[in-house]
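In the two assemblies presented below, chain A is common to both, partnered first by chain B and then by chain C.
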Partner chain A sequence: MKRIVAREEFCIGCRLCEVHCLVQHSKSRKIIKAFRDEREKVVPGIKVESSGHVSFALQCRHCGEAPCIEACMTGAMARDPETGVVLSDPDKCVGCWMCIMVCPVGAVARGANQQVASKCDLCIGVATPVCVANCPNEAIVLEEDDE
Partner chain B sequence: MAGRKWLLEPDFLVERDPDRCIQCQVCVRQCANDVHSYDADEEVVRSDSSTCVGCHRCATLCPTGAVSIRRAQLEFRPHGSWTAHALRSIYKQAETGGVLLAAMGTDRTHTVTWDHVLLNASQVTNPSIDPLREPMELLTHLGRKPDRVEFHKGDARKVVTKLEPQLALQVPVMFSAMSYGSISYNASLALAQAAKEAGTFANSGEGGLHQDFRKFGGSMIVQVASGRFGVDVDYLNTCAAVEIKIGQGAKPGIGGHLPGQKVDAAISATRMIPEGTDALSPAPHHDIYSIEDLSQLIYAIKEATTYTKPVSVKIAAVHNISAIASGTVRAGADIVVIDGYRGGTGAAPTVIRDNVGIPIEFAIAAVDSRLRQEGIRHQASLIAAGGIRSSADVVKAIALGADAVYIGSAALVAMGCHLCQKCYTGKCNWGIATQDPYLTRRLNPDIARRRLVNLLQGWALEIKEMMGGMGINAIESLRGNREHLRGVGLSDRELTILGIKAAGE
Partner chain C sequence: MSDCPYLIIGNSAAAMGAVAGIREFDRDKPVTLIARESEHAYSRPLISYLLAGKVDEKRMHYRPADFYARNGVRALLGLEVTRIDAQARSVSTADGQTFTFKNLLIATGGRPIVPTDLPGTQARGVFTFTTWEDARNIRAYINETGVKKAVVVGGGLIGLKSVEALKTLGIETTVVELADRILSSTFDQTASNLASAFLKKAGVEVRCGTTVSAIETSDNRVTGVRLRDGSRRGADLLIFAIGVAPDTRLARDSGIAVELGILTDDAMQTSVKGIYAAGDVVQTTDLLSGAKRPIPILPNACRQGYVAGVNMTGKKLAFHGGIAMNAVDICGLPTISVGITDPGTEGYEIKSKVDAEGGTYRKIVLKDNRVVGAIFVGQIDRAGIFTGLIKDKVDVSALKDLLLGEEFGVLSLPAEYRKHVVSGQGIEV
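And now, the complex of A and B:
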């Protein structure tokens, strides 16, 4: 499957990936409207971590052996059999946060309503995830993984 | 507003459209000049125009187009002589008492002669050539050509004349000297990679050649300047050609100064100077006070490289340039680079940048004419540098007598430079003219390399189109072919020096 790879040496810490992720996962998908009306309602699935001049964009690695899927007691966290993408089903999630506890990279967050888990879905239905498409320095790239 | 000079108004006005701003703070994170800041109490991003340099980094990255930058609207009472530029310069100087610094090429509005020269095209009496259907040759060889070609006495098919070393260019455009130190590691890397990919040459500048770039030696020209930074026999032998830098178009007669704070471990190793020390290039080479001295250095370098590499000499376009160039050729230079007064720099005194030297258009034409008159034009190739902005400028430079051109500013612009002319502050928001690790990572060398190669490819196609229009199918036939140029809005004297006719003739 395709995975997003962060190239930390070129991350400029602008956080445009977070901005575009939020817009993509908003209802309107219009940047100004999304930020005006839905800023508190959507949690971006990508987060820029930084320390000094070093920064990189972090999101779900869609692990081959995903601890979050193992830990999920309701089956909300599951792998899409076709794409291999790990997705959280909000209808099944009960907010026990075990996925957050076990995620080795800290890529799962509580959703804006604080009730269900929220994470990167690799932009379902979009050829190139918006964070990759909009990174001004190609610090996030989509690469085919042989796994 | 700490640090603001009290008589100096801002150069630019930063405007933020409150309807479009989404408070994402991208601008805050991108401005090295601290123009934008986030007020957490009021949850709003604010801008302070006083330190804006007009580099457009914030406006370019703003995802909603909320930021715009205008010239400061505070107008002085109009005055033909006491312009805003003149007044501001005095305010600044009265405040600081120092030499005013500038960077890139001069921004003064002297006539750009390229724009007063027009190209020819074939109509009816001679056919034009379609470069997409017919072969079109841009291959250019730089170096000393033989006085005559001699053949073997027994077998006339064998040439016995030995050709001096040559540089082969797939496109007659090279990247001019920009040292590692004045520009970042990533920018230097992108230039070297792009030169290799495009079949041309990049120039190390006077700051030595980083070990990582030695693998691009076949596509690099290395410089020996008055500071002799990073020069040893390996440096000379790792490259394709060696260039002795006598002068620079932006600052003829002036040396260089890389401040100690930019001399980190890598730059110190490359320049072979202690870490943190100022890298001072003297104004003259202290061993060159005459053409004979120059000849000694040229031949010292040829000895060191066992006569396998062409030696180039770069001089700034100044008065009597044709006599100087003639002497340089006679001193043994295989390539003469002439850098016009619009050439760029990382830092120069503003008064020098804006007032010293002559335009490259006149210099290259005068030098080509003089070398032809003296019968020594074939002994050296001529490179025009300083203010080449487009493929049309390249064609005009070659038709005026150059073999190829150097581009510096145009290459930087291709990488993202917005010509804010603040290279000397070390705060380049585009990650080019800086060594700050926060800023250098902004230039991804993969992207920069791609953009540089695209620029050269685009120019090569355009040059072929222009040549085809004139009915010329090899760039060699264009060199010094001034019959294909006509001047508009130029005086008789200017036309004579350029060696071209007026439009309509």
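And now, the complex of A and C:
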């Protein structure tokens, strides 16, 4: 499967990826509306961390042996058999936060008014994930995994 | 007589993990699954949500409706296994059938403990709370009798999740805990106090350091309880949530080695070749203390089941042990605890930050410059980074001062370890 790779030496910490991710996963898909009216309901699936001049963007690694899937008590967190992408089903999630407890990169957030788990879905249905497509410095790239 | 290449007793997380493990390497040979409960594989922790009306019956399913069909599983549900014959390599069921097996997995889970020396536990209105049927029966009893007041005995996870459900249903609830504080096995004093304060604010009465000494009944219905301190509580509903013990009966009777739980090797194989065990029924190695004990948590069950399943096919995979950890949301207060949270002995270093007003707490327990435990109350975001540090025994001497910071993240980790975690391959629970 394809995997997003962050290249910290190129990241300038602009957080455009967070903005585009949030808009893409908002209902309106309009930047102003998304930030003004939907800020509580949607959180970006990517997070830019920075310290001094070092920064990088990180999202779900869609791990081969995903701890979040094994820890999920409802079966909401599952691997899509077609694409291999790890997805959380908001209709099944009850917000117990087992996934947050086991994710070693902290890639699962409390989304939708902090009621259900929210994470990167690799922008299913979009040719190139919006964080990759909109990174001004190619700090986030899509690579084909060896698996 | 039915001959099974793969036979599984149980239908919960460990059993589902085993089916996945078997099907990873063997797509062909049939899997037979026998379970006492008649429901399709369901999420056991969701029973409190079901009782509260937060999820409906359809959302209880832990695996999709076509799971058995898609995985070639013959599921015999609502059928009780009465005996395992380790010599004849067969299993007998309550309806008189016999199944011979090549590989057997015992995934019988745990069963709730009920005080044996307390009269009245058989009265109507007295329940334990570990199955879907329990949730249904409690709900039916509430609807039928119009329960106004409830007492929950036990301030652990099951106890507090039932308290949450009863509060949601508008029932006046008291939780009674024998220890001097709630959640005493996973929390430290500060975290317990925060959770207690939160529950009290939500209108729950919390009584610690005492227990039920007598059950009062009228017409074989519970009407109240007397506590050891002499006080009395009216109660139309009484739930015992004082613990769950590995259900080792079948294994013990068949001569399989059992201590606190069923003993297994790293392949999850019991003392009898070809018979495996996984989940809440087994005793495992606590990776932090080295102690052998049951660690009855869902991620362990799922993983152990998977490992057992893989080994049942003849492939090799090891489970070396687990770490106690829990994420639980109590009446809207999110909490996470991992590993050694309250060492109580010397040789540990503690970093902690509490905001009693805001109801948040973060505590990191270190030993020899490694994180060995953590508690998060109120603010739990990205707690898994710490779980990773614990599991991978990362030397954090250089980042000790960062551990409590709001901005602590992957960027704070040692460069080599950071590379390891973001590569994301084969990260195990």
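Here is the rule we use: the second predicted complex is superposed on the first by the 146 of 147 C-alpha atoms of A that agree within 3 Å, B and C clash if a C-alpha of one lies under 4 Å from a C-alpha of the other, contacts with A are read in each partner's own complex, and residues count from 1 in each chain.
We adopt the following convention: a residue touches a chain if its C-beta (ideal position, glycine included) is under 8 Å from a C-beta of that chain, and two chains touch if they have at least 3 such contacts.
Note that this is a predicted model, so its numbers are computed, not measured.
J.: For A:127 in the superposed arrangement: first (chain B), second (chain C), both or neither?
T.: A:127 sits against neither chain B nor chain C.
J.: Between chain B (first) and chain C (second), which, if any, makes contact with A:75: first, second, both or neither?
T.: second
J.: Where does A:108 make contact in the superposed view: on chain B (first), on chain C (second), on both, or on neither?
T.: In the superposition, A:108 contacts chain C only.
J.: Just to be sure I read the superposition right, which of the two partners does A:6 touch: chain B = first, chain C = second, or both, or neither?
T.: second
J.: Between chain B (first) and chain C (second), which does A:94 come into contact with in this model arrangement: first, second, both, or neither?
T.: It touches chain C, and chain B stays clear.
J.: For A:67, is the partner it touches chain B (first), chain C (second), both, or none of the two (neither)?
T.: The second partner, chain C, only.
J.: Check whether A:56 is in contact with chain B, with chain C, with both or with neither, and answer first, second, both or neither.
T.: In the superposition, A:56 touches chain C alone.
J.: Chain B or chain C: which reaches more residues on chain A?
T.: When the residues of chain A touched by each partner are counted, C comes out ahead.
J.: Can you list the residues on chain A that touch chain C in the complex?
T.: Interface residues on chain A, with respect to chain C: 3, 6, 47, 49-51, 54-56, 58, 61-67, 70-71, 73-75, 91-92, 94-106, 108-110.
J.: Which bits of chain A are touching chain B when the two form their complex?
T.: Chain A residues touching chain B: 9-16, 18-20, 31-32, 35-36, 39, 53, 134, 136-139.
J.: Sort out for me which residues of chain B touch chain A in the complex.
T.: Residues of chain B touching chain A: 19-20, 22-26, 29-30, 61, 63-64, 436-438, 441-442, 444, 446-447.
J.: Within their complex, state which residues of chain C touch chain A.
T.: So the residues of chain C in touch with chain A come to 13, 17, 43-46, 49, 54-55, 59, 61-64, 298-299, 302-303, 306, 325-329, 334, 336, 338, 380-385, 387-388, 391-392, 407, 409-412, 421-429.
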